[in-house]
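Both complexes below contain chain A, partnered by chain B and then by chain C.
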Partner chain A sequence: MNARRGITRALPLTPAVVLILLFLAGPIAYCAYIAFTDLQLTGQAHASFVGFANFRRAFRDDAFLNAVWLTLVFTVLSSLVGQNTLGLALAALMKRASKPVRTLTGGIVVTAWVLPEVVAGFLLYAFFRREGTLNAILDWLHLPRQNWLFTLPILAVSFANVWRGTAFSMLVYSAALDEIPAEITEAAEVDGAGGWRRMWHITLPMIRRSIGTNLMLNTLQTLSVFGLIWVMTRGGPGNRSQTLPLFMYEQAFQNSMIGYGTAVALLLLIVGALFSVVYLRLLRTEV
Partner chain B sequence: MARARTSRRLAADAALLLVAAAFALPLAWVVLSSVDPHADLRVRIPDGVTLGNFDAILTPDITYTPLLNSLILCGGATALTVACAALAAYPLSRFRSRLNRPFLLTILFATSLPITAIMVPVYALFVRVNLIDTVQGTILFFAASQLPFAIWLMKNFMDGVPKELEEAAWTDGASSAQSLVRIVLPLMGPGLAVVTVFSFVMMWGNFFVPFMLLLTPDQMPASVSINDFFGNRGMVAYGQLAAFSVIYSTPVILLYVLVARRLGGGFALGGAVKG
Partner chain C sequence: MPVRPTAALSALLTAALAASALTACGSGSGSDPNTVKVSYKQSTDNSVKVMDTYLAGIKKDFEKKHPGKKVQFVPIKAPDSEYYTKLQQMLRSPRTAPDLVYEDTFLINSDITSGYLKPLDPYLAKWPDWSRFIGTAKAAAQGQDGKTYGVPDGTDTRGLWFDKRVFKKAGLPLNWQPRNWNDILAAARTIKRKVPGVTPLNVYTGKPAGERATMQGMEMLLYGTGDGRSDPLYDSGSKKWIAGSRGFTDSLKFVETVYKEKLGPDVSDALDPNFATAVNGELLPQGKLGIDLDGSWLPQAWLPGSGHEWPDWSKQLGLAYMPTQNGQAPGKVSMSGGWTWAVPAKAAHPDLAFDFIRTLQTEANAKKWYIANSGISVRKDVAADPSYATAQPGIKFFTDLVSSTHYRPAYPAYPKVSTAIQEAMESVTTGDASAQQAARTYDSTLKDVTGGQVVRK
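And then the complex of A and B:
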């Protein structure tokens, strides 16, 4: 009786569970399998098991190590430093600013976030191109112009990711700051603590859990950016803005080595999974 | 004190306006170029305003078919996501079970996995099971990838509907299915709207999934077909590219505004980042 009731009650879960198992868990399991084979895109009847060869190859492959390095630079610059700090600064400034300015700035920043990925990519491609807006401004200020997408491609795509992703941090931090009781900040103000000290000793410790979860989510989001970089630079010039997702794509499709590409994907997935576990621990929700 | 406050407000306003201007420049480019007959890559006030760029792209080939494809793809996947998530959230929200917690933790874990990483194996898998280059296959994958977050959000919204209202219906002989459709879902209308809009917006903007899983050009959604402005058309018509971007982006911005107004700024994030 009880077991039957349990089954009836769990029944509505079936469609979702089936979809997730077939199309999410399935590919992940398949990923873990083909990463250990020499599967290629064409001209091969059977893939054979090659053990850790793909992984050994990756760690000896300069192009792979380059992609790891660029992914690290991209993530630290755009997510940890850029989105996170700018998002917090915007949220903090908004608490003091006048309402029209707050609404205007919030609206613009959020619009950048809502735009489709590819459109965002084009907008920033136009901004950073040699004939683009940034150089026009530099000319106007009599500063030296640069061919940004050629000389500093990883910096340009990092800025693009900041432009696109800051809204998320801004919203998270605005919500977090709103929850700090006004008495605490006022008391500190009366005691003579300046803005920076209040930020450092009161605000930051009080919102540390929001900071943790925000950093996690930003990092995970940034690890999987593909379209933005693809549109702006295709990972180039050469491979100077080729982060891991673009490297994975190139190996699997342009070099038609699905097995090798998948091994890279598996590594990316494992890094993501580790971050997810940390995120769950930080969250410690009472589910 | 009051004067200090005013000057601090002015400083904050100035700083924010500076950031707003920097963020607005790329946006200004797309808006101004879309009506500029001689658009290039710089932001500038057009010499004359024209609708020629829009005229040039409002053809079945360039605009209508890709947008319709986007609508079918994202609409279908959103409907599937929302229906499955609503069903799944119901037992998780209503009945106590030892399995709820592990299930929800797994869902939350899946929510933050980098889906980009599995696109290569998904492609390989889709080739094997003959789902490659099919709209239904892409819809199924889209729905599955969005489901963990949708279930999580939906469950949180459903928890906000008091159980007492349903118990009354149960004593009147309503089944769980009836009370879900007639009582719970109508009462969580705003929550349902958030899940729907959020899923739709995420898929509408997604480039990598259809880029990998669809091959035939006339099945491509706008997120992929926009790339055709570059490549084999020779010279890039930036004005037309900008006009297309405007048309393609407008629906999601409108949807966002619609939902954000009703639920306040940090709307869909509540469940995921409450720390």
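And then the complex of A and C:
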């Protein structure tokens, strides 16, 4: 009876499980397999199994190591520091702002988020390019102009990602801040705690879980950013803004080395997993 | 324990849906024995419909001549590099392979090696028009097995475009024809000195420019070094790629000089992925560029309806062929690429597909195509036709270059070799490396990407 009950209960889940296995686990397993072959998109009659050669090659490849480093810079700058901090700051400020200001700010920030990645990429390309808006503003302020996409490409694309992705953090933190019971804040206020102290000792500990979740989602999303960078710089000049997804694309589709590209993709998956583990550990610690 | 009806129902429904979705995938796309499926590259620019219009006409022609047969187009709207990728993915499976595809000579050898394409020799042997195609163009679609896998529908050549308005201000002759590389640099230096505000000379460079940098830039220089006849990139005798050549370093030195002496565009502009659009659309029409090492297709961008019409271009721009390094024989250099029509190995109806090629390549249709897309004819009959030669200024100049043109060694490793060339160019352009250093880096990259198939010369 119990077993039958279990089966009946599990039955509605089967279609979902089957679909997941088919469309998610299947391709991932296939990718994992390809990563151990020398499969090419073109230029080769038969692929063969090469063991760990692709992975060994990656760690000897300067361009790969460069891409890992840039991916870390991009993720730390734009996700951890940029989107996360700015999102929290905006959420905190908006909580105190008047309703029209709140609506307006929220609207603007969310628009950036809703825009398709490629459109956002073009907007920011237009902003940063030599004859772009940023330099026009600098001229107006009598400050020296820069070709941002050329001299500081990784900073420019990081900024673009902050611009585009902050809305998500802001929404997460707005929801989290609303959850804090007003009495606690008021009590602290009565006890004479200033804004910074309240933030540090009450707000942050109370939204700890949201911070963790937000960091994890932000990081995973940022790790896979492709369109934005592709449109703005194509990973260049040279390889100076070539993060792992762009490096992977170049290897797999421009140099048609699918096997190698897939191995890089798996390594990217591992980087994402490492970040997630770190965040999950942070979440667990008690305050 | 009764099963809740809703749960069971939803499970059943989902399973049924999934099953039907799967069978839909598996049953193929319903290949009709009377329909030929044709894939081609559709322009990413919505206002450019040259190919679509031309093919629509051919379809009509074909369906009239072959009663009961139908043509179905499967256009792929993508920039070059993504087009190749998409096509290669389609060619892998009989379910997705069309009957006829438009193949760039850049990758045709790679796709032949992969077994994606069908040899056309049995068809070509029975097709009288084949003898009217010029030899070099036929060779471009030949595999290493000596069989032919595609019918070229035209080619392109390259040379020096110069602005007569700029030349006049600089006091340079309006019938300019440099005899060697130094003549080009000398003219650029004069422009730099006498016409401020104008970029003296554009040579495409670096990875953002992609194959444009390799072909219009480096190879136009490289193939003019040495004896000017043998291939400086690939040694067909030993079937190995050439490393350590003097010509390679010299060509890099030329690029280095252009950017070091600021004879070229600002480095950050040159490395902007959209720079070519600026050259065609702004710099040349506005008289802001003195000399441009570029391809025969430029006037396409100035046709009516293109967004930057420039009907007078031939009055303001002059053409000169690219000279060899020291003016040694044969004196001039050009590179050629172009596209071919090829039949996938997994095509369902190869016979019908070849019939479609024959319709595309009647003399009249071929001529129509060359004129419509500013293409350079690879058919002797069309090239000799006065209505083709006078259809557009410049066509005669670029068609004459076909006799002294080179085709790239487009073997499977070529795309990777090309990237290595772009990286070498980029490092001398930014000043990160000297020509010698960049050439050394290229040699080691070359060894890596060709699997050690390298010979030093």
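By definition in this document, the second predicted complex is superposed on the first by the 253 of 287 C-alpha atoms of A that agree within 3 Å, B and C clash if a C-alpha of one lies under 4 Å from a C-alpha of the other, contacts with A are read in each partner's own complex, and residues count from 1 in each chain.
Convention: contacts are C-beta pairs under 8 Å (C-beta built on N, C-alpha and C of every residue); 3 or more make two chains touch, one makes a residue touch a chain.
Bear in mind the structure is a predicted one, so any value in this text is a computation, not a measurement.
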According to the stated criteria, A:Pro15 is in contact with first (chain B), second (chain C), both, or neither; which is it? both
Looking at A:Phe127, would you say it contacts chain B, chain C, both, or neither? Reply first, second, both or neither. first
I'd like to know which partner A:Leu171 touches here: chain B for first, chain C for second, both or neither. first
Contact-wise, after the overlay, does A:Met248 reach chain B, chain C, both or neither (first, second, both, neither)? first
Of the two partner chains, chain B (first) and chain C (second), which one does A:Phe150 touch, if any: first, second, both, or neither? second
Which partner, chain B or chain C, is in contact with more residues of chain A? B
Mind working out whether A:Trp69 is in touch with chain B, chain C, both or neither, as first, second, both or neither? neither
Once the structures are superposed on A, label A:Leu217 by its partner contacts, choosing first (chain B), second (chain C), both or neither. first
Going by the contact definition given at the top, which residues of chain A touch chain B in one complex and chain C in the other? 11-12, 15-16, 19, 22, 129
Which positions of chain B touch chain A when the two form their complex? 8-9, 12-13, 15-17, 19-20, 23-27, 29-30, 33, 40-44, 80, 83-85, 87-88, 90-92, 95, 97, 99-101, 103-105, 108-110, 112-125, 140-141, 143-145, 147-148, 151, 176, 180, 201, 204-208, 211, 222-224, 226-227, 238, 241, 245, 248-249, 252-253, 256, 260, 265-266, 269, 272-275
Given the complex with chain A, which residues does chain C contribute to the contact? 1, 3, 7-8, 10-11, 14-15, 18, 22, 81-82, 84-85, 88-89, 107, 109-111, 113-116, 206-208, 267-269, 271-273, 411-413, 415-416, 419, 423, 426-427, 430, 432, 449
Listed in rising order, the residues of chain A that touch chain C in the complex are 1, 4-5, 8, 11-12, 14-16, 18-19, 22, 40-45, 129-130, 147, 149-151, 233-234, 236-238, 250, 253-256
Which chain A residues qualify as touching chain B in the complex? 6, 9-13, 15-17, 19-20, 22-24, 26-28, 30-31, 34, 39, 86, 90, 93-94, 96-98, 101-102, 104-106, 108-112, 114-119, 122-124, 126-127, 129, 131-133, 136, 163, 168, 171-172, 174-176, 209-210, 212-214, 216-217, 220, 223-227, 230-231, 245, 248-249, 252, 258, 261-262, 265-266, 268-269, 272-273, 275-277, 279-280, 282-283, 285, 287
